[in-house]
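Next, two complexes with chain A in common: one pairs it with chain B, the other with chain C.
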Partner chain A sequence: MSDTQWPRFEVFVQERPGRPHLHAGSVHAPDPEMALLNARDVFVRRPECASLWVAPSATVRGGTAEELPQLLAAARTEPGTSSIEYLVFAKVEERGTLTHVGEVHAAGPETALAAAQAAAGATRPLLALWVIPAERVERTLPEEAPSMFDPSRHKPFRDQAFYHIQTALRRLRRDPSAIGHRQSVESKR
Partner chain B sequence: MRLELRSLLADALLGLADDEMILAHRDSEWTGHAPILEEDIAFANIALDEMGHAGIWYRLVAELRGEDPDSYPDRLVFHRAPDEFRCIRMVELPKGDWAFTIVRQFLFDSAEVVRLQALQQSHHAPLAKAAAKIAVEERYHDRHLHAWVRRLGLGTEESHRRMQTALDQLWPDTVQLFEPPSHESELTAAGLFPAAEPMAAEWAEGAAATLADADLKIQRGTPGMNGGREKHTDHLELLLAEMQSVARLEPQASW
Partner chain C sequence: MTDDERLAAFEARIARGEKIEPGDWMPPEYRRQLIRMISQHAHSEIVGMLPEGGWITMAPSLRRKLVLVAKVQDEGGHGQYLYHAAETLGITREEMIEALHSGKAKYSSIFNYPARSWADIGVIGWFVDGAAILNQTMLARSSYGPYARAMVRISAEESFHNKQGIEIVLALVQGRPAQRAMAQDAVNRWWWPTLMMFGPHDSESPNTPALVRWGIKTRSNDELRQEFVNQTVPQAEAMRLTLPDPDLRFDESTGNWRFGEIDWGEFWRVVGGDGPCNRERLQARRAAHEDGLWVRQAMAAYAARA
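So, the complex of A and B:
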C-alpha cells in the first residue's frame, strides 16, 4: 500500500522577538504554506509566539551526539562548488531542545554540519545538531503576527480542574437521582 | 441611543450571533473526523473562534436589551425554539463532505471579513471595538480557507468535482449573506450598522476572484430563497435538539 501521508515539516517557534527559534515538533502538510498554517494551529494556539519557521523534514541533516561522528565522516570539501546558507540548530542541555544558534555557509549538508560542529561545539559538547538549507525554511512575516499569533494571547486557558467536573460527578455517583431535580449538579462558579 | 434604535441594532446583531453559533456547532461536528490530525486541530480552533465571536455578539445584544450579559447569551443559545433563531440557512445545512465544509466556511468567512471592516465604523462604540477584535481573527480564517479552496479547486479531478458541486449547492443561499436587517435605513442613517448593498458588492467581487483562481465556476441565474432570517430549514431543529439537550436537562445548573 502506498503511503498517503503528506510530507513532514519540522516546526520552530520564536516566543518573543529577539529570542532564538526553538524546535517545537513536526506537522504534516502538502506544501510549505499549509505547513506554516498547521504549525500555527498545532503549536501556538496558547503560548506566546512572535515568529514561526517550518522546513521539510527531508531537508534536515544532522542527529544526536552518537550519530554525529558518522555523519561528519561523510563531509568532503568540494572545491569550486558554490556554497549556500544553512541554519544551524543545536541542543546543549539535556532538558533543552534544538535551538537556532546561527548560520554557516557550505557547499553541501555534510560540510555544513562539520562547520556547524566546529563553531557551535567548540566550547561545549552538543547533544544534537541540525543544519537546514536557509532557502527551504518558510517563515511567517512580521506583519502576519497580529492575525496569526496575537488572538491566542487574549484567550483564557483553562485546564479541566477549572470546571469542577470531578466534584460534580462524585456527587452524582453518590446520588444518581440528583440529575432529575433542581438541586444544582454543580454549585461553584 | 434611542430605544427603538437600540432594539433594531440588537435584532441585527442577534442575526450575526446566531450565524456564528450555528456554524460553530456545524464546524465542531468535524472534531475527531477531519481529513488529517493537523486539520482536525485547526478546524476545531476555527469552530471555537466562531463560538467566541458569537459570545461577543450575544453580549452586545444583552447590553442593548438591558439584559444580564453573563446569563442572557446562554438563555438565547440554549432556551430558544428553532423559529426564534435568526441565522441564515446556509449555516444550518449538515456538514456534508470536506469540500462542502470548506466552501461554506470560505463563503461565510470572506463575507465576515467585509462586514467586520464596515462594522468598525459603527457609531456604537462597543460594536466598533468588538468588530476590530474579531476582524483580526477572521483574517487568519480567511487565509486558511483561501489555502484550502485553492488546493482543492486545483487539486485532483475528484476534489475539483466535489468543490464545484458544493459551490453549486451553496451559491443560491449566499443571497442571505448580506440581506439588509429590518429598518436598515434607520440604522444606517444613525451610523450604527453598515448598509448591506455596498458590502454585498465588495464581497461578491472578492469571492468571485478567489473562486476563479481555484478554477471554480459560479452558476448564476439560480436565485436563492430569500424571505428573511425567520425562515429555516428543517435541519435547524435537529441541530438544536442536540446542541440544547444538555443545557435543558438541568436548566439551573451553573457551569
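So, the complex of A and C:
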C-alpha cells in the first residue's frame, strides 16, 4: 500500500448555534468520518464550536473574483441531469473567509455557481464563491456535539486569561523580597 | 494582459490592502517565497513539539503536565493549519514532508537546541513563544489570505503558551536557591538563540525586500528583534534574572534597549545543520513517521471496508 497523506477535505466551523459555518482550512483523511474527527482535533481545541462540516476538496467548484467570469461562462444546462442541492459559500470581506450563505438547486456545478452568483452577488461584490453538492457534505449531528465539542470546555488552561502574569510581575516589582525566600513552589502544587 | 500588466494589477491590489486568495494570479516569485516561508513555518511547529514533548512525563505536577500536553498538541495543530495554507499554493503535503525528512527543508534553528531542565520549558514559553508571537502577529496582516488567517488563529492560541512559560519561571525564581539558579541557567542558554530566531540583520537578509514589497512581511527582522528585547528586559528585571549580555543598556534617546552583537557564526552553523540537536530532531521525525505507518494502514483499511 502506498503511504500517502490521503485526499483533502475542506473544513467549515460553526462557532455558535445560529451563526453561519465558516471555512477554516482543510485536513487529509481516508474517509469523511475520519475527516470530521481530524477536523475536530485540528480546528476545535478551544470551546468555540457548535457544528462542523467537511466536504472532499475535489467536490468544490468555484474560485476568486478573478476566476469567476471564466467559470460562469462555462455554465450550461446539462440535458437529462436532474437538479440537486448545492451549499453556497461566499467571501465578501477582505479580512473574512468563505462563509455559508445559503443553498441553490441546479442541474450542474456551473449552473449552481451562476445561480449562487445571482443570489449572493446581487447586493455586494463577491471576493470568492464556492458551491458544494449538499449530499457530499458530512456534518456533525446535534446529538454528537457533547462528545465532539464539550471536552474542550473542561480545559480552561488553554486560555491565556487563565494565567495572571501581569499581576504576579507587578507584585514582584513592588516586593522583591518574594524572590529567594520561599520553599520549593513547584513541588508543593 | 501581458505579465507586466498582471504584475502591476497584482501590486496595485496589495497596495489597496486586498488579500490574495488561492487561484488569483500571482508572480511566480511571490508563490515561491510563500511556499518557502509557510512550509518552513509548518516544519518549525512540527519539530517544535520535540524539545518540550520530552518533558511531558517529567512535569513536576499534574497541572503542569496538562498544560504542557495542551501546548504540544497546539503546536501539532498549528503545523497542520500551516501545511494547509502552503497546499493552497500548489505544493503537496507529501512533497513537504519528504523535504523535511530528507533534510532538504529548513525549520527554525531554535529547535536544534536541547531542553536540559524543567526551567527550559518555562524559558521556551517566555522567550521562544514570545518571539514567535511578535513574528506571527506581523504575519497575520500578510497579503496572502490563507496565511494571514492561519496566523490570526495561531497567535490567539499561542498567548497561553507564552504565559504558561512565564508562570513556570515565576514559580522557580520564588523558590529555593537551586530553583532560581536553574531558571538563570536556562535564561543564559536561551537568550542568544532566541535573538537569532528573528533571522539575519536586514542588511544581510536576501529575501526581505521582496517580502516587504508584496506585503508578505510588514516589519523587518531587526524591528521585531528590538521589540522583543524591549518587552523582555523589564520582565527579566522584575524576576531578578540577568540577561547574558554585558552590552545591554537602555538608550534614552530612542527608548530602546541596546544589545550586543549576535554570534552570526553560530547562527549559520546551526542553520547549516551543525547545531546541538539537528540530527536527533530529524531522526525523531523520521522515526515518528515510520512508527505511525501501521496507524495510517489501519485507517486506510477501515475506510476501504465494504
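Structural remarks
Here is the rule we use: the second predicted complex is superposed on the first by the 149 of 189 C-alpha atoms of A that agree within 3 Å, B and C clash if a C-alpha of one lies under 4 Å from a C-alpha of the other, contacts with A are read in each partner's own complex, and residues count from 1 in each chain.
The rule is short, and it goes like this: a residue touches a chain if its C-beta (ideal position, glycine included) is under 8 Å from a C-beta of that chain, and two chains touch if they have at least 3 such contacts.
This one's a predicted model, so the numbers in the text were calculated from it and none came from an experiment.
Of the two partner chains placed around the shared chain by superposition, neither chain B nor chain C is touched by A:E143. Once the two complexes are laid over each other on the shared chain, residue contacts for A:R95 go to chain C alone; chain B is not touched. Contacts of A:L127 after superposition on the shared chain: chain C is touched, whereas chain B is not.
Shared-chain residue A:P151: touches chain B; no touch with chain C. Contact with neither chain B nor chain C is seen for A:D175 once the two complexes are overlaid on the shared chain. Measured by the number of chain A residues touched, the leading partner among chain B and chain C is C. In the superposed model, A:F162 makes contact with chain C only, not with chain B. Looking at the shared chain after the overlay, A:T64 reaches chain C, while chain B stays out of its contact range. In the superposed model, A:R8 lies in contact with chain C only, and not with chain B. In the superposed model, A:P30 lies in contact with both chain B and chain C. Common to the chain B and chain C interfaces on chain A are residues 6, 27-31, 34, 41-42, 45, 155, 163, 179, 182, 184-187, 189. The residues of chain B lying in touch with chain A in their complex are 36-39, 41-42, 45, 49, 52, 136-137, 139-140, 143-144, 147, 151, 249-250, 252-255.
Touching chain B in their complex are the following residues of chain A: 6, 27-31, 33-34, 37-38, 40-42, 45, 146-148, 150-151, 155, 163, 179, 182, 184-189. Against chain C, in their complex, chain A makes its touches with residues 1, 3-6, 8, 24-31, 34, 41-43, 45-46, 63-64, 66-67, 91, 94-95, 97, 127-128, 155, 157-160, 162-163, 165, 168-169, 172-173, 176, 178-180, 182-187, 189.
In the complex of the two chains, the chain C residues touching chain A come out as 17-19, 21-25, 60-61, 63-64, 66-67, 70, 73-74, 77, 80-81, 84-85, 87, 92-94, 97, 118, 145-146, 148-150, 153, 157, 159-160, 162-164, 166-167, 170-177, 179-180, 235, 238-240, 293, 296-297, 299-300, 302-304.
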